[in-house]
Amino acid sequence: MPIIEVKKLSKTFKVKIKEKGIKGSIKSIFKPKYKTIKAVKGISFEVEKGEMIAFIGPNGAGKSTTIKMMTGILYPDAGSIKVIDYNPVKQRKQLAYNIGTVFGQKEQLWTHLTPYDNFKFFGAIYDIPNSRVEKKIEELKELFELGEFINTPVRNLSLGQRIRCEIVASLIHEPKVLFLDEPTIGLDPVVKENIRSLIKRMNKEYKTTIFLTSHDVGDIEKLCKRVIIINNGTIVLDDTMENLKYHYLNKKIVDAKMREKVNLEDEEGITILKDKGYNLKIEVDTRKRSVADAIKLLNPDNIVDINISNIPLEDIISNIYKKEDKK
Amino acid sequence: MRKYLFIFKSEVMSNLQYITNISISFIGIFLMLYIFLNLWKFIYSDPNELINGYSYNQMIWYVIFTEVIWSVVGGRKMCAKISEDVKAGNIAYNINKPYSYIGYCLSTNLGLCAVRAMLYIVLGLLIGLLFLHSFPSISILEAIAVFISFVFAIVISILMLTSIGLLSFFIEDSGPLYWMYSKFILVLGTIFPIEFFPMWARGILKYSPLNAVNYGPATLYVNFSWNSFILVIISQIVYLFIIYMICKLIYMKGVKRLNVNGG
Amino acid sequence: MLTEVKNQIRVMALSTKYSLMREMLNKVTFISNVFFMILNNASFIIQWLILFSLKEDLGGFTLKEVILLWGVAASTFGISRFFFSSAFKLSDTITNGKLDAFLVLPKDVLLSVITTDVSVSALGDMIYGYIMLIVYGITVENFITFTILTICGGLIVVSISVIFSSLSFYIVKADLVSDTANSLMTNFATYPDTIFKGITKMILYTIVPVGISVYLPVRTIIKFNVYNFFIIVVLCIVLMTIAYMVFNRGLKKYSSSNLMISRV
């Protein structure tokens, strides 16, 4: 039984077009021109309970519109959504009791209050009895290692500490589904790593389903087992992380530094990515040619240094984005 | 001088883009004027009656004129901007540039005021025509004289606000000072001419900056005479000189303080 | 149902309390804000002294009644701006997609949004209102009437702002309409309605009901009248209901931050 079910979901926006200059401004008052933008075009997908899923796509692909519809912020034009048995359109409040949201760029905490007071405030919003809130705070304090600063006003906390508090604030009411929108934006690598492991631990501990969007490939790679890629309002890929990588794992990148110049040309299974005479970068499709073949072509005696690697996930994803745009 | 003219011109150009927004902000002024119109209509039982020497029509034109000056200058934002410059230390960047900060302030703010003046004078005249169906009897030459004194009033107002803003060098918040200034202008000069105040206050008010920034030019407009024109212009020149010196003094002392504290 | 209402009120009270705490972080600014607002209101006494030196009676209003008028207007304004300060920024909140944060919480959107901030200077207005009542001549009866009617008046002012701001769900520049309506509600409130006639007076009792939020309360405090009292209370409830319905109808059209103007 999936915990999230989205069927043929669509949303269109009417956007006012304004021409430049004073004339344009006056014109747009009396005779506004609109164009319709189809932000989401009939997408469908399901998420199982306890899954950690990455929902990604380039800017303006329809990601946030979809999340906003799933959380009850926007009304869909067509299609249906079910999140934990609730219809966000009709049961916004009931849904809100059962989901959590963290929007990386928007703060929901009062900055002049301590995290502790903030958590108590959220307890009141979710109608949780005082004794239970206190117990929950204690528990989350341990899990998210907030002990040091739980009584320091939020405005005096570092960005990393703040985002940890933001996440805790969205967990006070034990949501069954957590929506994380760019949770690690603007954080340094060490803090990012820390947040990721905390999210992982939380998912394990509470079996919370996590719906994550991020532009950070690290987030996606380290947290999620499944990826949905959306572009231009349609889903272009819905697969496991393993499949995604495997599909591209057939390709290896060979980066070689040569003693003498070699003249290579593209041939079956081998693509030259870069050729600067002494420095070469070639892509080998291992289904057609072996890596050894490629090295032989280079003349192994001439190689000063060599590096054979997989295509980075980042490139895989941006390739998928580009491929879609060309269509 | 040329560089200030250039700053002024580019400020006018950039504000021309917001011409619709600036015009729309006139709605608030219109409402206030409409209330005053009703108020004076009630108080003047007979339109030909004179109260303290002012006819009903003169009274309404007086208020339109002073309200237009008040909103063309738009003091609150201007003062806040200068305060902000001082506090955020932006002023430090201006110190080693080849222009005076006061000259810079004056030319940018005049640029904004020029656009507003252009719109508000037209709108003000239209409102007066709508309310009263006539203009004060004034020749073209006299109208030009009134306009000159109007420009003087704007320049002096800007310098007054600049000096209040610059006081942020010395005090934490210049807000209350601005507040007192605005009350002085609004309550004592904008709503009524000085003749409406008790005898003892009139003498003081007549020599106060009110004569230079709103009362003087406004009475010229509703009841022009070359005699009073000369008197108003003289008081404006005197006040312009005084306020410019004050401004300069505050700025110089302030910058010195800035250097001592290391910005 | 009852617990839901109780919880909603609890959250609103907490929200107001925390906002006030934030404003009180800087004590000097806090006190000077309140103090200067009181002085600000007081300065207009000069205007009225002069006006009444010209004419003793403005259609039944003497200086004494105008003082009460200022008291009611200031208190009404103060209550609306202190407790519901964000109701007057609602247009901006809607247009810039800032309702998102409230929509994901299990509380009423409108009530949560309008109680998320306080305006400190409005506290000065509220205090000034009572000072004026004292100057006018306070009694136990008129104190109670004054308090109830200024609360009603404040809620009416808030409702009007919500109704006009809800236009922002449909058009982009609706803030111009709501700002104008809000300034009408305040500017007209400090002048006796006896100076207005005809269409103006009609508007003041209908589209921008300053008449019901200020003028009628002033009459009722001067001379208590059960009939007027109930009219104000009932109209207040009616306007609040309309505001609630209009907002929630518009909310279905809410487009978050997607209602942008794209330049060609």
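Order of writing sets the chain letters: A, B and C. Residues in each chain are counted from 1.
We take it that a contact is a pair of C-beta atoms (placed from the backbone, for glycine too) under 8 Å apart; a residue touches a chain by one contact, two chains touch by 3 or more.
This one's a predicted model, so the numbers in the text were calculated from it and none came from an experiment.
The central chain here, found by comparing per-chain C-alpha centres with the mean of all protein C-alpha atoms, is C. Highest inter-chain contact count (C-beta pairs) belongs to A-C.
Taking the mean of the C-alpha atoms as each chain's centre, chain B and chain C sit 31 Å apart. The distance from the centre of chain A to the centre of chain B, each centre being the mean of the chain's C-alpha atoms, comes to 55 Å. Centre-to-centre separation between chain A and chain C, using Cα means, comes to 44 Å. In chain C, no residue reaches two or more other chains under the touch definition.
Across the complex, chain C meets chain B through its residues 28-29, 32, 36, 40, 43-44, 46-47, 50-51, 54-55, 58-59, 176, 180, 183-184, 187-188, 191, 194-197, 200. The residues of chain B lying in touch with chain C in their complex are 24, 27-28, 31-32, 34-35, 38-39, 41-43, 51, 172-173, 175-176, 179, 183, 187-188, 191-192, 196-197. Contacts from chain C toward chain A in the complex involve residues 3, 7, 10-11, 14, 18, 21-22, 25, 99-101, 103-107, 172, 252-256, 258-264. Interface residues of chain A facing chain C in the complex, by the touch rule stated above, are 13, 15-20, 35, 39, 64-65, 68, 71-75, 92-94, 96-97, 99, 101, 103, 106, 108, 110, 112-113, 117, 121, 124-127.
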